[in-house]
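Below you'll find the structures, each written out as structure tokens.
Common to both upcoming complexes is subunit A, partnered first by subunit B, then by subunit C.
Moving on, here comes the complex of A and B:
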């Protein structure tokens, strides 16, 4: 074998190892491989995933939440605040529900949709969504006020983290400094889920 | 031996290896995901029976016929969102035996359009509707062998789909048995 041939073989081998090293370094770990497939959007825009389409119409802040209870209503207090997201949603192909929703703060901390509110009819999660038929409702979250800045809403037709490779909506709430200040100054003492 | 004599067999081996690569790759793929693929295919299979509108069709031990399928005019007392239509579906069924009546407990009615979109009953029915809303009747209208039972369901669908949707009766099973109630 000529010296030139040996050199080109060695070069080829080195290139193959180099390619392997790059592939190894860039291969995502298993959690990332099976992570939900996000569709991104912003407040006011209908964001369409594989199962759900959702538009964030607005957000409100409240200190307490009034919810239906056996024999009347009750008020839910919070150590933080209640964030109420007004949304319009519809299924894409078959009847679905908003089974998973959370607010993700700028630092990555996540706050799941509160189940303290039960099944008030105004809740979007309580409605069965039909394909192409828009339904309006609220999503409610209990969280620290500090999380609100630049927060995102993530929503899915399946419980978050329990549906690998599922379609998930990731919608920026548009809470920049000015909008957030306005929302906080307009914060309600009580938000009534019986008569929103 | 000439240089040409040494090079020729080596080249042949390489060429055969190259040709063997695609079938080997396909075999490896099948070993890796063949079972999952077969299971997925089985889960996607649909067992659909066609039912013309003009005659009652046997399905799941009962005879079924579509009686009415229409988009209902907007009702100011029950407003729906813009671009949405209310669709009423009325179906008659006659159970053939006791086993067929039991199967009706696991029966649902849905609307399906040509694109595969599917709707379940939604919205409230008008109060004056006295017919049962389920295949298995109601407290006052229990299904009986040989006796026709008429039930009615209401749906909300996009207005542009209202003219083309077709009802499907679905009975539990693997895969679920479906009866396509044709409009014609």
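Moving on, here comes the complex of A and C:
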């Protein structure tokens, strides 16, 4: 074998390994490969996924949340603030629930629907949604105020990390600087989930 | 091969070399502590009130107390010996998480303790999820056989984030390992954590 042929073979081998390294580095990891499939939308429009359709009607900010408790009500404070998302939702094919909902901030941090509020009837997550029958309700989130700017709502009929390749709704809340300032200045001291 | 070596070096030289090598290995093992298991490296001690970033959690142990019931035990729970530890936790990951209990292992007075029950001090209720960057005080409570010591010892268990795990190539927190030891003397309960009602 000539020296030239050997050199070209070595070059080819190096190029093949280089191509493999590039392919390995650029392939999304398994979590990304089986991530939910997002249907994007904005506040005010009905966003239809495969199992859920949801419209964000409005958002409100509150410092405390009044929720039903055994023998009465209790007020929940927070290290941050409470974000209440008013929404209308319906199932698409068969009865569903909003089993996974979260606010995703501009930095990608995800704040799950609060489990501190229990099972107040006003919560959208507490309702069984029928196909084609719109139901109104609230989604409540506890988060730092700084997360609100340009935040998105993600919602799914299944718990968020447990439904690979499932349909998921991703709805921009439209909280630009002006809207956010208005929402914060109109912030309630207490939002009552018993009598919203 | 043995014949070739013997012809070249002589049998007595070869035997001497083999014996010397064996002696070298035996002396080395003896000096290194024999074949017994090497002692574990001592963990750094985390003092009460000090903060440590342990993988997904920022941990600040506050105080410990013991009693007959956990804070969340109902009136019909059988009374026994319970060990409570109050800590402040911050979720350092990018999403809400309910896996805080796995970050603590009780070493004393219960050596092989089960997972603790967790109370969110803010609500006087069971801890659900902790959200990113929002510090919360949490009371961990374990059942113990009896009060035999005057302090509680626990280790903080951290995990490591991997962009691609070895099995499927997915992102996650893996490789649990102890990163610090906490010793807290038993004292009086936090009055805020044992208050009657929600704030």
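To be clear about the criterion, the second predicted complex is superposed on the first by the 169 of 196 C-alpha atoms of A that agree within 3 Å, B and C clash if a C-alpha of one lies under 4 Å from a C-alpha of the other, contacts with A are read in each partner's own complex, and residues count from 1 in each chain.
Just so we're on the same page, contacts are C-beta pairs under 8 Å (C-beta built on N, C-alpha and C of every residue); 3 or more make two chains touch, one makes a residue touch a chain.
What you see is a predicted model; the values in this text were computed from it and never measured.
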| item | value |
| --- | --- |
| Which superposed partner A:182 touches (first subunit B, second subunit C, both, neither) | neither |
| Subunit B versus subunit C as contact partner of A:14, first or second or both or neither | neither |
| Subunit B versus subunit C as contact partner of A:133, first or second or both or neither | first |
| Touching partner for A:22 - first (subunit B), second (subunit C), both, neither | neither |
| Per-residue touch tally on subunit A - higher for subunit B or for subunit C | C |
| Which superposed partner A:77 touches (first subunit B, second subunit C, both, neither) | second |
| First (subunit B), second (subunit C), both or neither touched by A:93 | first |
| Doubly contacted subunit A residues - partners subunit C and subunit B | none |
| Subunit B-facing residues of subunit A, complex | 93-95, 128, 130-135 |
| Subunit B to subunit A touching residues, read off their complex | 81, 84, 116-120, 122, 155-158, 161 |
| Residues of subunit C that touch subunit A when the two form their complex | 94-96, 120, 122-123, 125, 128-129, 131-136, 163-165, 168-172, 197-199 |
| Residues on subunit A engaged by subunit C in the complex (per definition of touch) | 29-31, 34, 69, 74-80, 102, 108-112, 114-116, 142-144, 161 |
